[in-house]
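Notes for the one structure printed next.
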Amino acid sequence: MSGNTFGRVFRLTTYGESHGPGLGGVVDGCPAGLELSEEDIQKELDLRRPGGGEKGGGADTARNEPDRIRLLSGVFAGKTSGTPIAFHVENTNQRSADYDALADVLRPGHADLGFLVKYGMRDHRGGGRSSGRETLSRVAGGAIALKFLETRGISILACACELGGIPAPLTDVPGAALRPFFCPDEATVPLWEKRVNTVKKAGDTLGGLVRIMAFGLPAGLGEPVFDKLDARLAYAFMGIGAVKGVEAGYGFASARLTGSINNDACLPFTPPGAASPGASALIPASGVLPGGAGYVFADNKAGGVLGGLSNGAPLAMTVAVKPISSIAMKQSTITPEGRPVDIAIGGRHDISAIPRIVPVIKAMAALTIADYVLLQRCARIR
Amino acid sequence: MSGNTFGRVFRLTTYGESHGPGLGGVVDGCPAGLELSEEDIQKELDLRRPGGGEKGGGADTARNEPDRIRLLSGVFAGKTSGTPIAFHVENTNQRSADYDALADVLRPGHADLGFLVKYGMRDHRGGGRSSGRETLSRVAGGAIALKFLETRGISILACACELGGIPAPLTDVPGAALRPFFCPDEATVPLWEKRVNTVKKAGDTLGGLVRIMAFGLPAGLGEPVFDKLDARLAYAFMGIGAVKGVEAGYGFASARLTGSINNDACLPFTPPGAASPGASALIPASGVLPGGAGYVFADNKAGGVLGGLSNGAPLAMTVAVKPISSIAMKQSTITPEGRPVDIAIGGRHDISAIPRIVPVIKAMAALTIADYVLLQRCARIR
Amino acid sequence: MSGNTFGRVFRLTTYGESHGPGLGGVVDGCPAGLELSEEDIQKELDLRRPGGGEKGGGADTARNEPDRIRLLSGVFAGKTSGTPIAFHVENTNQRSADYDALADVLRPGHADLGFLVKYGMRDHRGGGRSSGRETLSRVAGGAIALKFLETRGISILACACELGGIPAPLTDVPGAALRPFFCPDEATVPLWEKRVNTVKKAGDTLGGLVRIMAFGLPAGLGEPVFDKLDARLAYAFMGIGAVKGVEAGYGFASARLTGSINNDACLPFTPPGAASPGASALIPASGVLPGGAGYVFADNKAGGVLGGLSNGAPLAMTVAVKPISSIAMKQSTITPEGRPVDIAIGGRHDISAIPRIVPVIKAMAALTIADYVLLQRCARIR
Amino acid sequence: MSGNTFGRVFRLTTYGESHGPGLGGVVDGCPAGLELSEEDIQKELDLRRPGGGEKGGGADTARNEPDRIRLLSGVFAGKTSGTPIAFHVENTNQRSADYDALADVLRPGHADLGFLVKYGMRDHRGGGRSSGRETLSRVAGGAIALKFLETRGISILACACELGGIPAPLTDVPGAALRPFFCPDEATVPLWEKRVNTVKKAGDTLGGLVRIMAFGLPAGLGEPVFDKLDARLAYAFMGIGAVKGVEAGYGFASARLTGSINNDACLPFTPPGAASPGASALIPASGVLPGGAGYVFADNKAGGVLGGLSNGAPLAMTVAVKPISSIAMKQSTITPEGRPVDIAIGGRHDISAIPRIVPVIKAMAALTIADYVLLQRCARIR
């Protein structure tokens, strides 16, 4: 089935190949009355823009794409009108020639073989639809979701928390967007840069981990039994190229704890200035019960999700990103005809999906949560 | 939105609370002409049946539920007719009294608080819909998917690969279903039993890891960009209660490898007796290209998925299961009114979701893959 | 794709064959906190119950099915809990023998041929899934939707407005449920009874028209461009067996009017006691604008829908029902092997789908509108 | 919920307002390997192009839109690649000034009031999303579906069969596309032209009926119980602006027939040159049974659908189109603030939705049938 639409009520449909005319998408179901401009979207797009600048820390490619967003519908007099919001980005600076050599090879670690077998053909130019460039549409759609979540007092933060096996302490997550690699810790940046440069010289690539967090989520988001909040977030993240694992809260580590240690204790709590959902958003891990009584979790090993429903604590998940499959080193693979062939991939390629994947993960989280926030309006009789 | 339907073409809708009249579901979209009997489903249900018997290894509860499945529709003259297949299991032996004490407490680590805030009410009897008993319907629906996959030469194996921090080598995965804890290694069983008994005495609980594998998958299954094969499998697994993490192939470990090590080399290969998809199913990690040429992967770090599409290698994923949240030890929590309260959960509770979760994970994998196998029929012009 | 689930947020999934173990369904997405009992559903089911009693006016079958509904989940302490609401009705009094003769014939006007070609097999007993008995599940699900709509001040009325070519004036629509044939006019009843008896003697059958109306709908329900309110209502009604046509408002007649005649004039209007949506519901064809000003339509040729959105006037649609295809007269058809054969269908069959289809149409309208009422909660920023 | 996506496996998502930057859509789920060019789509778009030329017969507007389609993705080397197919048409020649007068009035017969109440705002320029111009995206998407159906031997014909109350005999349906008004009868053209001119002088508008037919449909298409073939076609047609009624086969007329007259007799039949589905497509109303035996219907009062499944006879449905609501005559209505106001709509407006709606109905039929053709591949075990 068409796998290019994401979401149920707040929905994003995307299109585009890395070397076709362009990429874009349609957001359908965004509530009317939301202030939205091309700049709101461009701002997020620029965060994933490549270019060896400070942000990339040298881990991403040299090609500099303007990626100017154009809004095609759904906004009237500066606000969303309730109709579908379409956006498009023209492809420019495409050096298809860079990829001609790839027509006769199935790149190791890529979707080339799968596409060929699935469809009986494939667009070999830069991976076509399976190119990382596809994520541009996710970030644009996610930017609209982020604007909506802002109006609900929900904010999302993402950063790289490990690169090439070197972890970074979460000393300053909000500041990550201003550092190379979306690194949450100033002191870790030089260590990562050193690791990147070493690997780059060897013609190899790196993987890493990304931490995603959401603050201000009301408790109760999620739709059991199949559409648990963390279930659809896992779906959202694993659907991004290069992602190989997802965990909520302590995740795999919790599998090694006993119940008495893994459970988060819950205590009575009244936030300063009356127990209102708004106020509770100010205090991590706290929330309000239907009766109006406040509560707080002593810890957040669950990552803000219990039984598939948000519990009032900050959402915290970790995403594992494999090393980029396109390496300059020589590798053995086969041609579309099945003949053995050696390949060393040149062209402009990142050393790691980090940092560029960070805004993509943030976008997918925003799209998923916006969907749940709207669905929650249908949960009860009023 | 209603979160109780899973799948797109091959769909399962489930219902039921642990202490209501019963549980069941409806499978819609199962192809007509599939041989199906109540026994086919009962067989799988019995694998998740509790009871301190050998299978449980003492990790699961003492209550013995018959859980007799009843087929209500969709089968005519021993075969599926193309109409919805409904099944139902009556709840018996419900000691609701066991749970009366829970009406006034929000159990730590459970969905109680989320349900209360989401719906303004909750069924406190054994967790109601959020009870592990809900998975009974998944296993029944999955049994139908397994029967369908059999006809396509696809088989699914699942086992526990770690319990309470003690890993088990995959010496005999097929035999796991005959061992306590679905353990793949005979020598590990006593170690796990010892760990379980120690923890049980302490009134505590354990978590673990489950390995899921699928053999005979044709390459090309999956629907980029959002509905990648591993994305929907992650969604399927994270949607099971107690699951906190999912990874494909090397998963989190691959985030620490370099690209040159993480990529699986692909080599020309001709399976014994002509290159046919059928034949290739016999050789793990092999497949056939459109032109008819065969190939094989030297390794399977990717876990059988590249770019969200199956690649002909066996699907291999790992699922992290947290320790059971209901413990006999005393814990601090709050009442629905927000008052602090201590609780020690008695009643009949498992020490670990393992082994009972293993057939559930197998069922969700079967449902997901059956969906993709059918969708694949729509991928190309014929 | 599985075609047995209806709705997007308020969803009904049904199952069951006329001569299998039973029929039922699952309502998922019903808001929590709705008072609901088995009697609420039984009441609606009884309206479609056959039996030559007064209600049927002799147009329906002689077999008397108890059709006792049983609620299997989703209700706790007398209220919906937010979890799926499953219901089941056992099949009783099945004289499968009545249908053995049909195993070797494809009945004219029935789905027999289509099912045989589609699935390569068919359940010949009473039409299996294509039996009118399938609608029992729709009425049960619709009863839950009706209870929800009541809480929103929305009521739905349905009646037969023509039978066997004899129209009935809409003198008393609310009283229709108490008259034979759901006839809205006392004086028309004997005319219809006479027509029915004549046709019955001839071994023939009759068709008719059903009028469906909804009062208290807020303006703005509907989701352009594809999911217009009347579009999904047409889908809902045409999906009922024996329905061959649907029109909104003046429908086919409006195709013969000029725009100046067909347009409904809109006038300022303030309902007695302030302009509130509640109050406006009391005055047909009136509504309230965002600024609070009231309005009323001088006429309702549009049937309450403009541009696919409700406009505050009562919803009014007409459904065309073909004559029952099972007739006692001899007809020519073929066997599943393609041999010519004559058939005269005995057994217990209705002379007309009216009156039994009336509650089914009402149920489908309720399910459709409940879905839109919930979706409307997602339309705007708040 | 987002109502701008149509279809389940073969899906179209559309966007765009009449006076925004442009309109377009994304077709997702089209099988790979289909030959497709911009010209294939442009050809269909040109059929709905306005302009007082011969085709319009004077019934449509004077503004001449180039409406040049641009393919943005999904096609590689002249064939669909299996990835989403996006297309866009720039809006040109927008005289928004024509519509400034409409900012302060809710036009009778239009969606203005509904949009205002639903979203709390509206784009008044030419109706924005509710403009007939929106159908451009449907025709473009339908053109892709038509190309796919061609490969399956399925063809779709549409024509106007009544205009302003004057019916046209179906003497030459295939030739309709070459005549003014898509009229199927040469002799009727002048009668319609005369009617149009009279009404145009009066500043009034006309409605009409459209006949849609599909040939070469295999029997068995459709997904009971809710997704019957005619149910989703009714949904598809009623979702088009100005459509007020839909019927299949004899439709409303069949409600006045007796069963013995309404049933279509089925006879054994062997098409020339062996009984193959291909061959049967050549003979209207014929088909082939699983055993290989052929059959033919003596008549087609059912319109090619029985029990919601195609039966091998040509699909035949009729659609009722209301007169254009924008008339030059003075009408009474209200302002967004609820004040009474008179309005006479100037600007460039059609006298009738016919002929421009004919290709739109054809497109919606193609999209619906393409979806079912693909879903049918999942109906049986193979």
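Labels A, B, C and D are assigned to the chains in the order they are written; within every chain, residues are numbered from 1.
In this section, a contact is a pair of C-beta atoms (placed from the backbone, for glycine too) under 8 Å apart; a residue touches a chain by one contact, two chains touch by 3 or more.
Note that the coordinates shown come from a computational prediction; the quantities given were computed from them, not determined experimentally.
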Every chain in contact with both subunit A and subunit C is listed here as B, D
Which chain pair shares more contacting C-beta pairs: B-D, or B-C?
B-C
Averaging over Cα atoms per chain, report the distance between subunit A and subunit B in Å.
26
How far is the middle of subunit B from the middle of subunit D, if each middle is the mean of its Cα atoms, in Å?
45
Can you give the whole-Å distance between the Cα centres of subunit B and subunit C?
39
So which bits of subunit B are touching at least two other chains?
1-5, 8-10, 14, 29, 32-33, 82-83, 115, 118-120, 129, 224, 375, 378-380
Using the touch definition from the top, list the residues of subunit D that touch subunit B in their complex.
8-10, 29, 31-34, 80, 82-83, 148, 151, 224, 374-375, 377-382
Residues of subunit C touching subunit D in the complex:
1-6, 8-9, 14, 106, 108-120, 129-130, 134, 162, 164-165, 199, 202, 204-209, 218-228, 230-239, 241, 244-252, 254-260, 262-268, 287-291, 293-295, 302-303, 306-312, 320-327, 329, 331-334, 336-340, 375-376, 378-380
Any idea which subunit B residues touch subunit C in the complex?
1-5, 8-11, 13-17, 20-26, 28-29, 32-33, 70-74, 76-77, 79, 81-86, 88, 115, 118-123, 128-129
